[in-house]
Every structure is written in C-alpha cells, then in structure tokens.
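You will see chain A twice below: alongside chain B first, and alongside chain C after that.
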Partner chain A sequence: MGQHDRYDAIIAGAGHNGLTTACYLARAGLKVLVVEKNDWIGGAAVSRSLHEGWTYSNCSYVCSLLRREIVRDLDLPKFGLQVIPYEGGATFTANGDYFAYHSDHDALRREIARHEPRDVDAYDRFSQTVIRQCRFIRPFLLRSAPDPTSFKINDLQELLYLVKRAHGLGPRELAETLRFWTMSIGDFLDEHFENDLIKAHLAGSGIIGTGLGVYSPGTAYVLLHHYMGDVDGAIGAWGFARGGMGAISKALGDCFEAAGGTIFTGSGVERFLVEGGKIIGVALDNGDEYRAPIVASNMDVKRTFLEHTDAKDLPEDFTRAVKRFKIRGSSGKLNIALDALPDFPAAPKGANFLRGDLHASESLAELERAYDDWKEGRWSANPYFDMLIPSQIDPTMAPPGKHMMTVFVQYAPYALEKDGVCSGENWTEEAKKAFAETVFDKIEQVCPDIRSKVVHAEIRTPRDIEREVGLTEGNIFQGELTFDQLLFNRPVPGYANYATPIEGMYLVGSSAHPGGGVMAAPGANAAREILKKLGKGAAVAAEAA
Partner chain B sequence: MNARFDVIVIGAGHNGLAAAEALAKRGKSVCVVEQSDAVGGMACDRLAHLLYNPAPSGVETREIDTVSLSPEGAHVLIRRGEARFTSGKPHPDAAAYQTLYRRLVRYAGLLHQLAEAPPPGLEQGVTSLAGLRELSRLAKLGVGVKRLGKAEMREFLRILLTNAYDLLLDEMPDGPLPGALAADAVRGAFSGPRSPGTVLSLMYRLRHGGGVFLPAGGMGAVAGAYAEGARRAGAEVRCGLGVTRVIVEGDKVAGVLLSDGGRLDASAVLSSVGPMQTMRMAGIAEFDIEAVRRARKLRAKGSTAKLNLRLGGVPEFTGLSAAQVKARLLVAPSVAGVERSFNPAKYGDLPKQPVLEMVLTDGTGPSTLSVIAGHVPETSWTTDRRESFTASVVETIERFAPGFGSLVEEADLLTPEDISAMTGAPGGHWHHAEMGLDQMLTTRPTVGMARYRFGVAGLYLCGASAHPGGDVTGAPGRNSAAQVLADGVA
Partner chain C sequence: MMDGRIETRDVAAVPVGLIETPVFSRLDQISTAKQWGNWAGYISPLVLDTMEFEYFAIRNQSTLLDVSPMHKYRVTGPDAETMLNRMVTRDLRKVAPGRVAYAMWCDEEGMVIDDGTLFRFAENDFRLCCQESMHGWLLDAAWGFDVEVIDESHSVAGLSLQGPTSFSVLQAAGLGAAGSLKPFDLVKLEPDLWVSRTGFTGDLGYELWVPWDRLTKLWDRLWAQRAPWGMRAIGTHALDMVRIEAGFVAAKVDFQPVLTASRLGRGRTPIELGFERLVHFDKGHFNGRRALLKQRDTGPRYNLVRLDIGGFKPAQDALIYHRKRREVGHVTSGIWSPTAKRNIALAELRAPFGGEKTDDLWAEVYVNEEGRWDKRLVPVTVQTKPFFRNDRARATPPRAF
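Right, the complex of A and B next:
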C-alpha cells in the first residue's frame, strides 16, 4: 500500500450506497477502491455483536425499500442475502387493550370494526390512496431528478418523463397527488378515520426519522417513503434481513470483491484531494494517499464538503447551500439482548402480531406532544417507539431460547437542552441513561417484566449515531425529507444529478435523490451517471414504469 | 321589489360585494343578500384592521411602520425592507434582513398574477381555447421565473415549499426582527413557523410590495366603499335577511329562499359562505358523495381572536416615541417564541405567551387599541377562559407599556366561536379554510371545486374559502365573477 496506488475510482465510505456504486463500477470493469473509516462495513446498514451470542442490527433494523432491480442486478441472494417478511403489528393502550394490524385483510377488517365500524371502509380507501401514490412515485426512485432550470437533453428528458407521468394521472388524480404530497399525515388520517388508536398506529411511518410532527405538512410524503418498498413484490411490506441489516452490506461487499474490488477499512478519508478544479484522489487519516480520476463520497453532503473538502475548492454559494441543508437528528435507538421473550399481558398468548412492529402511542395528540418536546431540545417525555423482536423469526440473532429486541425511538434531539443551552455535549452518560429509562418506562406499559429480562442494552442517541456512522447530527436519512430537499432540490439545487462542483467528484449517499433508507437507489443512480460520463452505457437498474 | 335577478350573491362580505360590482358592471342584475344588518362581514371595525394591498377607491390609507417589541427593550422599527432599532441605532442584521425581504417581495410579485385569476386549471386539456389560455398564463409565470436567472430561479423553487422558521434563521439570529416576519407568515393560520408552507403564506401577504396600510375610517369604511362600488354599478344590497336555501330545479340553480320565507329567482347564485354551509343550503343530495366528504373534511380550525380595548388615554410604551406608538406593534419576540405560542393551540389550550398584532385605530377613535391574538383555541370559550385570556393579553402588553392595564375601560373579545356566530365563517377562520399547501391553488378549497363552480350548474363560491384565499383583497369575489361571465350562466 503506498503513495502511487492508482485506481479508476475511489469510494469514500462503505455504507450500503457506497458499496452499491462500487459494485456497479467494478462490474463495468473499473478498478475500484472503497475506503471506510470504521473497522467494519455497512454504515447504518450493519450487524454487530456487542454481547456474546447476540447480534444487533445497530442502526437500521427492517428492510423493504431495497430496490429489487438492484438485488437482481447484483445477484445479492447468491451472496447470501435473504429477506424474511414479517407480518402484522400492534399498538397497545395504557388500559390493557390494543389495536392489532393483521396482514390478512379479513382479520384486519374485523379488528378495525372492533374499534370503530365506520373505519372499516375508510381503511380500504386509505390503503388504495397510498398504493396509488406509491405506484406513481416508484418509477422516479431509480431515475435522476430533472433540473427544471436546465435545457440539457438529459434534464429535459427527465422533466418530460415527469410531466408525462403526471399527465397520465388525469386532472383529478393529479390534484389529489399534489395535495397528498403537501399535507400532514395527521390531517390525512383525520380525513379518513374516526378512531384515535387506529390513526396513531398508522401515523408512525410519517414521522420516523424526521424533525417534523404528525401535523406538519409534508409528513404524508414521509409515510409514503416508508411504504414505497416491498418484500417479494408485496408493496408496503417489510421484512428482516437474515443475520441483521449488515447482511445486506455483507452481500454487497462480497459482490464487490467478487468483481475484483478492494475494500480498506479502519482509516477514513481525511481530505478529498483537488487540483485545478478536478478531483485527483483522497488522503486518509493514517497518512496514506490514493489517486483516482473519479471519487465518490458516501458521506452525507455536509460531512463531505464542510469537513473533508477544502472550502477554496468550492464555489461560495454552493458551500452556503450545503450549510443550509437541513440534517436534524431526531431519533434514538435501544438494542436489547433479552434472557427470554417478554410477556405481553394484553395480547392473546402466542399472538401472531407480536412478531411484527409494536407501539404504545395512542393518539395523534400524544405523538404531536412528543414532537413539541424535541423542538425544545428534549427527548420526548412520552416517546413514540417502533419495537420489534426479530429473533422470533430469525433465530441467528440470539442464542436458542433467548431474544433480541430493537426499539427505534422518536424523538431524541441531537443538541440536548440543559440549563437553557442546547448542545450535543449535554449527552453525558447520565443523560443517555435517563433517556433509556424514559424508553423503558414506556415499554413497561406493554411488557411489565421487560426490565427483569434485559441482559445487555445498547443505547444510541443521535450523537452516538453521528460519531459511529458519520451521519451528521444523527439524521437517519442523511438529510430531512422535506419537499424543499427532495427531487431537484436534493441535496443542493442544481446538483441533484450526483455530480458536484468538483470535476470527477460525486455524491452517492442518501443525501442525494431519492434519499435515505436502505434502498440503494442513490448508489445505483450515481453509478449510472458516472458510467454515462465515462461513455460506458452499462446497464444499471432502472425501474420499468 | 323585483323578485328575479340574473345573479344572487349570498353574503355582503367584501368578497360578495366585489363579485356583485364586477357582475353589475357587465350589465347583470344582481342582488346581494346579507343576513346581518351591516355589510362587510369580517371586514368590519370590530375585526380586521389593516390592509396589505391597495384599498378600494374612495378609501384613504396611510402606510404605517411596524415595531417589533423586544422584552429586553431593543425594539425594532421596520418599514418594508428597512430595519433599525427604535432608538435610531442601526440593527446588526439589517443588511441580511433587507436582502431576504427584497427577495421575498420579488418572488411574491411573481405569484401575484396567479392570485388575480382562477387557479391554473388542470381540467381542460391543451386542445381547447381555454386550455391554451391557461397554458400561456402559466408560461408567463414561467417566463417571469426564468427571467430571475438560474441561481434565483433555483432559490425560488427551493423556498417556495420551505418553512418560515428555517428560511429566517438561516439568514439571521433569532429575535424580534425575524420574529415579526414569522408572525406575519402565520397570522390567521392554524400553523407555526416550522410548518412547511409558511413561506408561501408569508409571500401571499407580501405580494403587493409588503406595505402595511391603515385605512382612514377603519375597516368599516373599506366595507362601505365595497358596498358603494357594488351599488354604483347597479347592484342591489339587502341587509337583515339571510338565505336559508338555494333552490335547485332540474340540476340547475333557480334562486334562493330567504329567512322571511320570500323567494328570489336567478340563474346564478354566488355564495361567500363556506363550502359545507353552501352544500347544506343547496341540499347535500345535489352533490356527489366524494365532494361532500371533501367539504366535510375541509380544514378550517379558527385560531385567531380579536380584542378591542377601549382606553382612557394614550398608552406609553417604554422606549417608543409618541409617533412610534402609532405604528403596527408586534409582540413576536422570536421565531421560536411564535412556534411555542402555537403549541397549546394544537391541544385546545390557550397560548402561554400570546403573539399579538396591535394598532391604535383611526376608525373608532384614537383611544381604541385593536389587538389580534394568534393561536387561540377555536372552541370551549367559557366565561372563565375568556376572562383569563383577556387578562393575559393585557398583562403581556403591560410588560411593554407599564400602567397599560389601568387605562383599559372596556374589553371586547371576539373568539373564533364568536366570529363564526357573527359571520357564519367556518370555524371563525380568518381565511374560511386553512391556507395550507394542500388547500391552495388547484386544491382550494377542495379537489374538484377549485374554479369557483360549485357542483350544481349556476352555483359558485365567491368568498375567502375560494382561490386565492382570505384577507381583505376582493380577489376571490372578482375571480368568481369572471368565471360566471366566462361560463355565460347569467
């Protein structure tokens, strides 16, 4: 390893998107190097063992968004990827009842009727609307976003495609789509449903990972972002990657190495090297330098340009736009090793829905209050959680008879308030513990015996997520999914096509269109743009309409 | 009296009157029917107090400054894009503010042309003449946007959908200066500055250049001028009788029934009341189920209260000259504070620190302080609640004007409930329907009802719930009249 190692392309960061780009480039015949700061690959799609015998999906925990065209293109099942669907879920109430979400349509209708007969048909209307919106948006995921200010053939073609799709909807449906994209998940649910508990159950997807409340306009889109995936072709379905989310990154890594690629872990990029406006390589923390005419950053747009690029190599207004990019941490997580399956006294013994996603927020008002706390720099006193026990379905996650539980928590601030000052520094060990206690208190409402079953717990605040994965402020999507940061505005107006002001340098992470989640779409789209530039029109997944 | 007209207008709010004037000018016989004894609806002395746009002819207006009060005493004096401290000292963020403000006004001007006509239609294809006209209008906006230049155009497209909180705090530190714009962005709305879409509602207010005008004689005089305009054009304005039913015969509008049992015939009826009320008057069965469902779910949660305080003398505000006291006074100490004041409203509670817009009105004598308080609950106004809210507003003012409380001789509080009872406005909402991104333009008030035509042939909406929305502008009324004429129904 030395100064003169030359590559065709270097990818900075072995998150799943960086690895996806790397796979496509290597398969197109390029000599590709991936450099990763951590000793492991995967970024926020990672499995780690922190307590012997147990495996955690430390960050992301469920899989659905991963584009199947990419899975197919890269033969990921051949490299060990297996996604197991889970079914159902439930929201528990403080008074011992629950709303169970069954994937069986008739069972679901019966359950809805048990709570509110009027909501039975409302649910069908709701899910039809959501599925219609998913169908509309999905083809855009594996395409670059058009720049409406540009007259370049590419942009005009993409714009035309957008207009055509929009036109194909018909006037009513188009107006409906505009409305859906701009409204809040709370208003959307209020429009359809009467029952508070049912609304609260469905609202969660609208706020996961965002610094917005259920009544903030734009959260209906966030819900869509969580519904537009599928498992085995079932739209909106979610599953577990066998072996945890790291299995996805591992399959990508193996695929990349099988195509002749090289991965260096354990030392990150300290600086992107630029000469005369062109990228020439990277310098690592350990002093090594590598050269390549193409360098792609998997880090978020802020980290890439504000931490590791010399400001003088960037236009001033670009830097300003990057600074302005909103990337707010709003989520925490608990990964818990359990001695045994906890007891859910409210649920029938062995209920199927316990294998799905479990919650304990009973109303939209409760969720909105959770958001109000976050705005003031506090974690929610009464938080929303998305809790699963994957070891019930994937036995590789815990020793026989034992279990692993993953608890995603909304909201937790990056800059914690203390004595009137908000700062990341305020996340002391004590504060972290207190945060975890708040979450355990809430879980106790559902599983009174939870505390007695805990063998080990990993507590993750936005600050921890930033420190480990490099996600600025711990924002899980590498940037808020608000409409001023989507499509041609993502991440910076005028740079939505994965290119940057530095020639040969690209952004391939979730800061780019179409955004976060373990989707691999930014990585694949970026690879397509890079290969196009190189005149290699090689096939990169593109979704048929 | 004649019982047959070409057009009946329900409600003599300023929009109904503006519609009547436009139709009468084109030779239609028009009768405006108003339930209350006075014209103007919400545009009356007790409610609306300032204009953000040109007044109708016959009304003198005076542009006034804005003073954004600071709890620390560093009040900011604002006139359009200029900001300094009331002490005369320069404001450190004046330059940043000016750049932002000018940009917003420029962008708002582009949107202005959209407000002065029916919203861009998606109904007609490009093949019809009407469709082509639509397209050319949109193209004009497109050209306007393109003329901005690439960088500005990108900025326009970005901030259009963003929120006031980020837009303001990206440019300057929090305080009374950005607080003033944040308050302007959400006044009358059920939203806080963090809500996406609030930059658009701010630009809605700025689309005439951003000036704030005090009408001589108060808002009652403005309403009077609208009525006078209608009458001069030949319209009849009848007060004191409400419309109880819209008569539909053979799928077409035939006239209205009045609260005294009388009947007026007409082939077109314009309604300035809300969509749901209008449907009820015409009979729910006349509309398709989907349209009724949408109207029923329309968001119109009133969140603004009005407090008219009759004073025994001219109040003194610490740090303000006698002239500065006559400015538009804002209590909006920070963007975060405006957001915080919205929190309790979401759960039906009173704001702890109300955001206020106050002006010593010319209309009802210099000794009335007209106060608009944002982010109050729509309902459940018990006597206790009314009293404690009035007290908290007076207390808030007292903090800036010691001794203020003792000047107050009479307090006239109008809550959303009261406003709804007075004018019939849905939820007592300032705009009759929330100005959210999802209830604007082509989706205002609801999908499928955006171009004033309201389900039944000959029935139209002409009030604030229609495009472009509320404020005392007359735009919905004028646009609706233009649609009636274009449709040739009367």
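Right, the complex of A and C next:
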C-alpha cells in the first residue's frame, strides 16, 4: 500500500451529508477521500436524465431544510447552487372542487372561508403555533444533541442551553411543545380545524416519508420537521434547486474538489477496516483499500453496522440497538416526462397555485385508510401523493413547452404482500407497473388527461430506492423521525454525538441528529465534532440570527 | 413627434399627478399587488404580484419591465463625440458605433451630476439614458459645439427584458438576430426597433427601444411568448434587489446627484464611488478633470464599497463602526441576497476606511422583532467583486436558459 492510498479522512458515501462533512474537513486542511458506490454522486439528492431532454430529481425533489448557514459557509452559490421558492399548492377533490393553498395571505383566507368560515382565523393560530415551535427547534439543528444521562461538560452545557431555551417558552408553551413532539397530526389538526379538506391538505407534511398514519402519535413532529426549514428566511417555505436536487450535490462536490478533496465513484465500501477497536480504513467492492485514521459513514446506521462492519468489532448492546432502529420504507415515486402541461379542469387557467405542491386526498379518514393498506403489506389503493411540476419554474428540467412532473407517493411498502407472504422480492416489474397504474388513476382525479401526456415515467418503489441509493428499506429519512429516535436517542442511545463504538469512526448521515431531509445538518455537525477531536478550531456553521 | 405627457388637443393643460406610460393598461390588468410608484412622473409598478417571485424570475427565467420613464436625450451633429467626451469622464472615442457605454459626468469640482448609459447609433449620433433630468445641463454643455440636443424622454419608449431565458423569448418573438449581440452591443433589428444587450441586473438581458406609440405592440409581441420561458412582468422593487447584487449604484440612494442636493458637501466624485476606471485623464479636458486629478493624488474623502455583512438580517441604513466604537460610515443599500445567499450591502465609508483600512469593521443592524428592537453588531467584510456573477451573463451566443 503506497502513500497515495493514505488519507486523513475517508467518507463512505457521496450523499449530501457525506459531501458536507467532506467539504468542512477538506477546508480545515485534511486530505480527504470520498468513496461512492454509484457512478454518480448525490445519494438521494440527484438529478439524472433518463429520457433525452428531460432531467428528473429522481429521489428528493424539493428543498427547504438545507441550512442557510452551511450554504453560506461553503459558498455553494459560487458552485452553481440556486434555490428558487415555489408558490402555494392545492388539494383536489373527486367531485371537481379543490382547496388552494395560496401563498398570498389574503387569497388564502378567502379560500379557507370558501370552504369553512370558522377555519379562517384558526389557520392563523395554527401557523402561530407551528412557527413558535419552529423557532424553538431551529437552533438545535446545528448543534449536537445533549445527552442528559451523560455528565460530560459538553453535554451539560448543551443541556443548559436547551433548558434555557425551554424556559423562555413558558410553562404553557413547554407543555404544548411536549404535546407537539408526541401527538398525532390528525389530533392536532382536529383541535384547530373544522373542514376535512383543509385538514387533509395540511396533514400531508405529517406523514411524508414515515411509516405512520395521520393518527399515529409522533406525526405532529414530522409536520414540524417539514416546516422548520426556510427559503431565504421564510420559515416553512419550500423551493426547487435549479437543475434539480442534484444541483445541491454537484455544488457540494465542486466545493469539496476546489478544497483539494478527491472523489472516487463506481465502487462503494465493502468493509470498514478495524484494528484493536480503532478504524484504520476501508475496503471497497472492487478490492481497493484505503487507509485513514478517520472514517465517516454517510450510510444509514443499519447499513453501516449490520452490513459493512464486522459484528465482533462492535459491543453487543450497540448492535442490538442498531437492529432495533426503525427504518421502514413507506413511499414510492413516479418521475414523469410530459409532452405538455396537463389540464387541471377544476382550477382557474394558469392559477399560481398549480406551480406548487398538488394533492388529491380529501380527508384524514382517507389518509388513515391509505396507511392501513401499507400495514398489510400493500400499496395504498387510494394513495396520497405530493405532486409538482418543477419545469413550470425551472427552465432547465424539460424542453420548452414540455414538462417534468414529480409524484411522491404514499404509502408503498418495502416488503410487498403476495399470497400471504411479505417480501421485497415481490416487487416484480409487473407489480411496479400495477403500482404506477394505481397512482395514475388517482392523478386522473386532478388531471383527467394525464395518461395521454406521458412520454416517459420512472417508477420507484422503496425496494428500488434501497437498491440504488442504499437507504435501508427505502426509508427517505435514514430512520423514522419518532421521538424514541430523535435528539440524544438518534441513532441509538449513547451515540448522539456522531461517534461510534469504533474509535475514529463516525456516522454523518441522516440516521444521526437532527435527522432526514436535505438539510446537511448531520454532516456539518459531525464535521464539527471530528474537527473538535482533532483539536482544529475551524468554524463550522452555527445557527445565526 | 408624439409626446406622452401632453394632450395635443388642449396644449394649455398639462396633467396633474402621475401619468400613464403606453403599456399601463397592460400592467394594470396583470397587477394583483396594485403597488404603484412614481418614476419621473409616470405610474410605474413597484410590485405587480410578489416581489420575491418577480426577483426569482429575473434570476431564473426572464422578466419584462417598462423603462419608458427613463430620461433620454439624443445628441447628434458633427461635434457630438467631442461635446459628450468633454462632458463625461470616460473616453468616448473608444466607444464604437453600435456600442453602449456606462458613463458618469461631473461638475467642475469633480462631483457626479448623474450616471447613465450612452448609446452610440452612428459616428455622430448618440443617446444618453439617465435617471435625472439632464436637458438643461446638456444644452449648457453643448454651447459652442455643432450639435443638436433633443429631449426624447417622452417620445422614445423602452422595455427591459432580463434574465437567463431572455434571449429565448426574443428568439420566439422573431428577434433571434439579437443572438449575435455581445454585452453592450447595440443594433437596429427592424425599422424603429433598436435592441441593446444591456440592463441593470448583471445577468443576461436586453433593452428594446421603440417610438412611444409602438411600445404596446412590442409589449404584446414579447408577452405572447412568455409561457414556455416563464417570463413575468415585474416592478422596480425586484429590480432594486438584483442591481445591488450586481453592485450597481443608484442615484439618490447610493450617491446624491450634486445638482439636486441642497446641502453642501453631499456631492461625491467617481473615484469616491469606486469608478476610477471610468475616469480617463489621458483623453484631454473634460468637466471636473482638474479636481479629479487632484483627488487622484490626495486620495478620496469617501469610499463606496460592497460589503458582505454577518448574520441574516438586511442591513439597510445600518451604521458602520471601526473596532465596534468609531462610526465610519453607513449602508446605502442593503439586502439579503437570495441568489448569493449572503447578506450584502453597498456602504459609504469615510476614507481611509474601505480603502487602505478594511479590517475590524462592524455593522450595527437594527431588527424589529414583533415590537421589540434588537441591536446587533455584526462583522463586515469589504468585497471587491460583485455579489452576483454568472458566466451566462457574458456568453455569446447567449444560452437558452
């Protein structure tokens, strides 16, 4: 093994978090290598062209959580990143009506009144509650989670910070916070609103990406997780990365290479090499070995430790906790190339809200039934979708006049039931097609002519997402965002500071605090911990006012 | 020649209050925000729909803005070049016909009267576009020269088509010949239609100039092509954001045109505004030359600089301190830049700050947090380059998006 195979740090996986860690380490002067199993970088933040002329955001499709502190630290706009907010959204009903979520506040109030006058002011109070909770939680995103069971100085200091912030809330809001973190989005919305359609529209954020139903405890937090981001300071706003979500990964990759880093694609980590409880490097699928005293895994905690680490290098209780970690695939996706913009007969022609997120689930009961199917190992017969046509805003995604549609679908199980047996193997080409047909049937509720406009479609099941991206069971968050595996319990109790039982080995993906979404916070927080341990005082993004 | 201001049937009466440009009815129809401003006496949209989305259309798709209210003066005749060259600080002999030049002009003390763009149609044919009324000054400056000065402010109208898909819109509207234009090029594409590759955005963009009564037709022609390219009509608020990103200065905001300021000492020289490169001392005499020569040796009194400001709150009007104690200047234009993802500003600092001294500078930013004022002292860094730079702005032929 030559000197050129030795690095100061190796990152396993070129997802957006791995690349973020890599950027910070390289900018602190370390010689850093990123290895990636796919021939492209980005993990679940990718833009790929599968049909000539069209670009898909194949997995993640909208951007809000990406921390602005990190974008600024790494100067990502200089590397081509541009995030463009989109306006509003709508939920369409089977009887030809719709609820439009206007970005214009006055229009939104009028629209709510059209459906239920009592809900107009309720919406403002709902927003106030959510924003208040967001303000409370946002500062914790770029900090390591304090462990209340530890008596280390760092943990105590962080704990004190948390207590201070919580104290600032006052007793009533603190109670509300605890309720919020543990209750269901269904219950929360029922407390605020009368109208079923409005509740259904708002409930989507509470279930996207989870193996939970709208009445499962913990889904109110999931809504918060989708609201706590921002676009240019507008909390809760979402946008598109110009050129698709891969533009984020590309900017991070370019930033990393500009800082002197090296990326190898096409062969992933086969094994983390451990000697005497310390990490010494990685062995790749292609047989190559690279050495480094620091190795960070961007893979989820299960994949990292159950598939690529020797069990005897790990304490048994740790392995058991990792095995217990909930990481359930619950969503699929259709990426569609369209010959023209489909018709929306219910909506006024050219309505702004058609440029936002579109849905067709009318009530919480309908959403809960969709979840019931999933529990039985079937995709929802009447699925929920989060559908957008980014090419209306981003001119780079499709030829002029043509469009690209992204349809996130819930629920779809990882282990599909067939003849009484649930297995990933049951996702045959036939099953995938039938799944897509179910989704198209539902889209027809919104766009009756959708099928005639389709030029190409990519169908992605949880199984596909696991196979391609490497996310266990195709869970988009690298693990459920439930209270039992958040904060100091993420990924497993005792290991919330990005370190692992193996010295020099770190976990930098969304399995770590603060969790999933294209946030880059786990990657940046991990870099901060690593640099701290190396005695390098390089500044890593901290929440700024 | 038609004049937008005057009812020719009743020349004795001039309208009181704001008047309409030719495309006002179009704007009024699409305006949901109903936010109108006063641009040189004309009704001009501040925001048509949402400032945020208008801003992003400039940086992501394309936008249409009616720039007809701009002051426009035609200078023609055998001495046109000599006369204008004596007026502005840059050397116009280097500006060939078919080119546009950004220029400043000063009084005898070297204080900037205004800045603007000079369009050179032919050897002896120029048009000056600027924010301030300049007819009188031009007539004074023309004294003794064989030139004719005509105020075209109300007879020539213009549309500014800006953004990465702006060329695609032109092409779709049958004006693809503009593709050969390099930045600051100017060409007559059709009878009565001049197109220049200019703008106030720092991005790819064009300005189209037609007689006043032809503007509506031009608007409709471009507007018909908006769909596939996401073109939006915009107001001036969004434009103000992008011009700060591009590092362009605005009269009456970042500097006070010396002829309009009643207080003494408000004038600034091109050197103080950061435009020494546009002062060509070697071209012979021009207005303000002696004073500017002197300042070149003694140094400026002020420095207008670009600042990268800490934190995320826009620093409009913030005071700038050295070592957190000594007040050395203030922000003249400050925004959060959604494209650069930085808190950016133009600021005037007392020399030597912003010049030789750029360390340990701080901005005092005031933030109103729902009724409680928070005062934040944040670090600032002086930047030499514009905050927005994208090679699509300079690529020729232009890209589709």
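Note that the second predicted complex is superposed on the first by the 539 of 545 C-alpha atoms of A that agree within 3 Å, B and C clash if a C-alpha of one lies under 4 Å from a C-alpha of the other, contacts with A are read in each partner's own complex, and residues count from 1 in each chain.
Assume a residue touches a chain if its C-beta (ideal position, glycine included) is under 8 Å from a C-beta of that chain, and two chains touch if they have at least 3 such contacts.
Keep in mind the model is a prediction, meaning the values are calculated, not measured.
Visitor: Quick one: chain B or chain C, who's touching more of chain A?
Guide: More residues of chain A are touched by B.
Visitor: Applying the document's definition of touch, where does A:Q445 land relative to chain B and chain C: first, second, both, or neither?
Guide: neither
Visitor: Figure out whether A:P217 sits in contact with chain B (first) or chain C (second), or with both, or with neither.
Guide: Touch status of A:P217: first partner only.
Visitor: Quick one: is A:T149 in contact with chain B, with chain C, with both, or with neither? Answer first, second, both or neither.
Guide: first
Visitor: First (chain B), second (chain C), both or neither: which does A:S103 touch?
Guide: A:S103 contacts chain C only, not chain B.
Visitor: Scan A:T129 for contacts with chain B and chain C and give back first, second, both or neither.
Guide: Once the two structures are laid over each other on A, A:T129 reaches no partner at all.
Visitor: Quick one: classify A:E368 as touching chain B (first), chain C (second), both or neither.
Guide: Touch partner of A:E368: chain B, not chain C.
Visitor: Quick one: is A:F483 in contact with chain B, with chain C, with both, or with neither? Answer first, second, both or neither.
Guide: In the superposition, A:F483 touches chain B alone.
Visitor: Would you tell me which residues of chain C are touching chain A in their complex?
Guide: Going through chain C, the ones touching chain A are 32, 50, 52-53, 56, 59-61, 164-165, 168, 227-230, 310-313, 336, 338-342, 367, 374, 376, 400-401.
Visitor: Any idea which chain B residues touch chain A in the complex?
Guide: Per the stated touch rule, the residues are 122-123, 146, 150-151, 153-155, 157-163, 166, 170, 191, 194-197, 297, 299, 339-340, 343, 346-347, 436-438, 442-443, 447-448, 450.
Visitor: In the complex of these two chains, what residues of chain A are touching chain B?
Guide: It comes out as residues 148-149, 171-172, 174-176, 178-180, 182-183, 187, 190-191, 212, 215-218, 317, 324, 326, 365, 368-369, 372, 375-376, 482-484, 488-489, 493-494.
Visitor: Which part of chain A faces chain C closely enough to touch in the complex?
Guide: 68, 71-72, 76-77, 81-85, 87, 103-104, 231-234, 242, 392-396, 400-401, 544-545
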